[in-house]
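Two complexes follow with chain A in common, the first pairing it with chain B and the second with chain C.
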Partner chain A sequence: MAMVQAKSIIYRKLAAHAFLWAWLALIIFPLLMVIAISFRTGNFAVGDIIPSHPTLDHWRLALGMSIVDESGRTIPPPFPVLLWLWNSIKVASVSAVLIVALSTTCAYAFARLRFGGRSLLLKAMLVFQMFPAVLALVAYYALFSRISDYFPPLGLNTHPGLIFAYLGGIALHVWTIKGYFETIDKSLEESATLDGASPWQAFRLILLPLSVPILAVVFILAFITAITEYPVASILLQDESKLTLAVGSQYYLNPQEYKWGDFAAAAVLSGFPITLVFLLAQRWLVGGLTAGGVKG
Partner chain B sequence: MASAAATGQGIAAPVRPAAHWLKWAIIGVIGLVNLYAVTLMYIQGETIFALVTLILVATGLYVFAAPGAYVHRYIFPGVATMFIFIVFPLAYTIWIAFTNYSATNILTFERARAYQLSQSFQIADQSFDFALYGAGTNTYRLALTAADGERFLSPPVELRVPGAGPQPPASTAAIEVDLLPATAPPAAEPLPIKDLVRLRGVLQEVRAHLPNHTDLRMSGLRQFSAIRPLYQVLPSAQGGDGLILVNQQTKERIAPDMRSGFYRALTPEGEFTGPGIAPGFSVFVGWKNFLRVLTDPGVQGPFLQIFGWTLTFSLLSVIFTLAIGMVLAALVQWESLAGRGLYRLLLILPYAVPAFISILVFRGLFNQNFGEINVLLSQLFGIKPAWFNDPTLARTMLLIVNTWLGYPYMMILCMGLLKAIPSDLYEAAAMDGSNFIRDFFSITVPLLMKPLTPLLIASFAFNFNNFVLVQLLTEGRPDIIGAQTPAGTTDLLVTYTYRIAFEGSGQDYGLASAIATLIFIMVGVLALINIKIMRVDRPT
Partner chain C sequence: MADVKIEHLVKNYQPGVARDVLRDINLDIKEGDFVVFVGPSGCGKSTLLRAIAGLDDITSGDLFIGGRRMNEVPPVERGVGMVFQSYALYPHMTVRENLAFGLKIKKVDKQTARERVAQASAMLGLDPFLERKPKDLSGGQRQRVAIGRALVQHPAVFLLDEPLSNLDAALRVKTRIELARMHEERGSTTIYVTHDQVEAMTLATRIAVLSPLAEGAATNLEQFGPPLDLYHEPANRFVAGFIGSPKMNFLGGMIEAPDARRTRIKLDTGVSITAGVDTSRAHPGDQVEVGVRPEHTVLLDDPRADNRITGTVLVAEHLGAETFIYLDVGGKDFTVKVRPETPGTARSQFDIGVPTDACYLFDAQGQAFPRTERFTRT
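Take a look at the complex of A and B:
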């Protein structure tokens, strides 16, 4: 009996491995393809999957260097990919820092202080975060064109304006941090208050240092959300030099000017660091993800 | 902050007078600046934005100034940004749904009125011969002579050709020049005509004012003519109500038509006649946009088709990603399988790559002529499917790509939940002679479904509004034939509203907002169902 069972387990294991490898081959194929395409000559598929004449031209263009083609013409880089990546990182880091600051102070009040409308506000936040910003793009555009009229540095086509718009998405983070604060024992803060510390001091000097892990998770979540955000950025940003990567990348695959090879190099170059950040952080993120809805 | 905090606690802490005064000075300055901005907005007719600014700033100042509102200082910044960027856009979208706000009716009534009142026309029979005399570098004097010989001369005026020389380019605002009566022309020779040609651009910006307050503008190289405002408000003595404007050229009366959002001509009986005069302004139109969605065949047909596809797409996306994610999670959690960590990492990869990049990668790979998928298919089977031009294939492609993007999320969720299933259940089943397939369907699936339900509803709502996928992969194409508004067979309701609002010539924000409002209602219902299910779950 035991022998038979062991044998059937071996078969099952083999079947499981075979299935997983077949599935992985299917899933990873597009990603490997893009890497191959980024080294292939020209911008069109020529029939072979592994490039026969590897070239670094697409990578040079992606890194902002001009190349000289066979007829001696100098081809400048089609798009400022590195600038777009920098714009994305800038917008994402600043908005993530501000989101952490805003949601931490909010979460502190919700977790530790008592005030009118507390539970109503908490519930309202849960409901309102279900409505995606993409449904209100007209309102966003109208709002920012008004801000442009009265205070241009925060208006349309500015990075501060985009960062400002991203600050609206803090509801889930407030819930996450509030949940974490509630797991920390109150007695430390209470004894500090007895010694004359103000609520701000108790929050700043005792609670915050204890909450660094959750703040890091929220920072990374907010960072990834901002760097992959497309609709709001596509409405607010207009100049090519101001675009974020998410908005700019699509211009490579314009049917009139199809730059498939150049896109592949730019995609690998810019997608790699973001993917790496996500994979490194995923152990800590999984908990936050299961608690809070779907990746946007 | 520390001193303010102490006051909030009711502990008598010494407040430094300098800090105290500084705080009140800052609050005063912010208050005054905003009061000015709000007044400005209100005058421009931006009542909603003026009101929102006023409420936000007033609340903010109160929260940070009043000791009693100390606790609210912690939540005000966060709640205020959520109000500006979530609640207000929602409410404003619903408001726009009841107006005719669009590319043709974009201004407020006040601005449209100001635009009409700023129009002017030239009176040809009041023209003056014109000559220009040099008076130093880039400085000139204008000399005008009326038909009856009356002469006028201007003081020296600076006229710069934009972009010429090292000077900064001249501004495009009108150049105001006051003319004074003169008895004789200046002694110097007038500038030759080639200089007038050179300076023509700037001269057209000159508004010359006669001593009797007639305004003149260049009407030819050697001629200035009187200009008058095209419209004037009809005086109340003649039955004007402040809204009726009179065209000074044709004496036609026009009035704002508050139903169509345009100025229109009036018949002598006071009825509207003729087409609207641009620019239009946005007015309240009631349920008109909603009625168009529900009854107008050119809008209703595509709307229902897109609505049906949106539901199908969201449902199939959830089913596919869940089925694949659950099977993979069960495999990867199987403890006797070697290399589970590596499988896990590789299986999550599609989730780790930013979606905007992987969607564009698929867009390239699926390309009919240059894409690698068709190169493979034509080598293997000799077929080249038109992924982007055939509605069914395009929809299939969307589902394939969305499953690729979404299954790792379901896998992560299921892996977390699988850990909570006690292993003695499987042992008991094994005693009863169950196999692993029966285990999966009679233990794993039923036990996972209950905690998964709210997450599946959230995932359904997310895919219902999966803007980025459709916008970056197909842009809604191929188009629906015969649609009045831009609409595609792969459009979801969100991308459809985006297209109505921001693409094509119509840019009908009102209609787009009406559809967005309908989506709000559906999402709201889903949210409520979700909260109900979670609440039912909580006590167990």
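Take a look at the complex of A and C:
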């Protein structure tokens, strides 16, 4: 039942709503601009929010179709945007799955097992994560070029190499999952142990099913990070056919000509997989999984 | 079913750094015994239970279950079933899956597993709830699932860690009786941890009283024996104060003349009383504490009112069937249980009779002097 409220609270609520709408508009505006640019004739950054001469040319190019310009010339799509998108999805999905697997097992160790240097390691991981990856670009290049000498499939200019590089960034995820594991009563696993479960069985059959929401969160975060990542991918990948969309779409913006329209279409395109993953993962983002297990 | 033998058990979580949690614990638990570990929080009773289950390792000493040394044996091979204080039900599984989990892990064949689950479920009245998840059950039902999960394993030793502490008062009494009945029927060796001495007294065939380990103490197992032995012959002041409700009253005093049968004691209040205890090992002038149970006091018109103690009434509680009067005797609290119709006006003076055979006596170290008589209420 609704609580009886004073008049002043109702006004304050209205004010809060107005503020939230304004804030929302401020956030959505850039996205609307990008969408507008992708449908606007010509390659300009400024113009109307609702295009006066809408065109699908930028989208045709992005989707790999040729267009005919005003002088009657056929212009083939300059870059394999769909291939880049596929590369991005591939790299992001595989690295997100591996990151979830790695950080979950890692977090389990930190949350439940006792070993020397445990807290030191935990803190060190966090501290190292604070240095931006950009600082290590040169090191990344040197490392992977050396790996190329010995094991090319994991070296420079390969997707496995890039995924391998992304797997380094799990410290925050380990902390997140560890925090969640610690909220789950230890007696559940102890009970499983008494029931005859091995530590691995207790982890897989008891702890993991209860941790699905946090795993979904980590998967989404890892996926978004990988799909939007630019610096490392731009260093490690060289062939045009190997690029991810985040790196490749920059090709539209060369110093001679900023093709804002084409760039905008590619940018909007890169938002689709993220949206899709989020919608799919949402059904796992449920609370109350551990309800009823412990206490009365 | 099996017996449990604990010899010189010591538990320390950080040997050399922290103090022992348990020191020199010796227990001989017979097959079919219902043993209750009781003590205030921090006395290590749960730790001892976890050590028996194998959830905590043993620092030194030995643990035998069914004659086999279990120190290094993993929990599952010890043949113990445990009910956790928090119940520890698997929230993502139905009641049936919860019950069957251990059997599935152990690859017990499906037919046997089904039978055992059905048997436990019928015994605990869980049949209507088998397809429900724990979150859709009430506290008492969850409790029973937790018990059932231990039962289906057919454990040799049944371990319960404060199983009633999350239930409301009425359900606690009901479940207590059910547990007693279950032990009666199955006769399995049971070890039960609680901080509630009423649960201990009602359920146990034998009670182990534990105390938080004091500096320099040899052990924190204060006494191990049948409930009534602990009530009538407490080994020391700690057990005397812990067993019995309301608590035993203590008054300081001094031995006037040691005697093997009846001892004169001069209380700090100046009054002298006679106690039916053997103090032949003591000397005149030794500091002692006299213990008197509230239910062992009598009114002055009673012929057994050998000693008289005078106090000021603080509060009187009239419960209908009985009346408790809380007195201030020379600055110490003194509770007496008297006939229901006894009036007790606050701040008035109140005289109470203490029979000679109702007195307990403890030396300066808290050790009990042997009692020569035992008070019985008629």
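Following the convention adopted for this analysis, the second predicted complex is superposed on the first by the 227 of 296 C-alpha atoms of A that agree within 3 Å, B and C clash if a C-alpha of one lies under 4 Å from a C-alpha of the other, contacts with A are read in each partner's own complex, and residues count from 1 in each chain.
Convention: a contact is a pair of C-beta atoms (placed from the backbone, for glycine too) under 8 Å apart; a residue touches a chain by one contact, two chains touch by 3 or more.
Quick caveat: nothing in here was measured; it's all calculated off a predicted structure.
When the two complexes are overlaid on their common chain A, residue A:168 makes contact with chain B while staying clear of chain C.
When the two structures are aligned on the shared chain, A:238 is found in touch with neither chain B nor chain C.
In the superposed model, A:190 lies in contact with chain C only, and not with chain B.
The wider contact with chain A, measured as residues touched, comes from B rather than the other of chain B and chain C.
Touch criterion met: A:228 reaches chain B, while chain C stays clear of it. When the shared chain is aligned, no partner comes close enough to touch A:66: not chain B, not chain C. Contacts of A:201 after superposition: both chain B and chain C are touched.
With the contact threshold set out at the top, residues 196, 201, 289-290, 293-296 of chain A are in contact with chain B in one structure and with chain C in the other.
Those residues of chain C that touch chain A in the shared complex are 53, 55, 75-76, 80-82, 84-92, 101-102, 105-106, 133-137, 139, 142-143, 149, 153, 166-167. Interface residues of chain A facing chain C in the complex, by the touch rule stated above, are 185, 187-188, 190-197, 201, 205-206, 209-210, 288-296.
The part of chain A that touches chain B in the complex is made up of residues 9, 12-13, 16-17, 19-20, 23-24, 27-28, 30-31, 33-34, 37, 43-45, 47, 49, 102-103, 105-106, 108-110, 113-115, 121, 125-140, 142-143, 146, 150, 164-165, 167-171, 174, 196, 198-201, 224, 227-228, 230-231, 235, 245-246, 249-250, 252-253, 258, 260, 263-264, 267, 270-271, 274-275, 278-279, 282, 286, 289-290, 293-296.
Residue ranges on chain B touching chain A, taken from their complex, read 1-2, 5-6, 8-9, 11, 37, 40-41, 46, 49, 70-72, 74-75, 77-79, 81-82, 84-90, 92-93, 96, 101, 328, 331, 334, 336-338, 343, 345-358, 360-365, 367, 370-372, 375-376, 379, 404, 409, 412-413, 416, 436, 455, 458-459, 461-462, 465, 467-468, 471-472, 494, 497-498, 501-502, 509, 512-513, 516, 519-520, 523-524, 526-528, 530-531.
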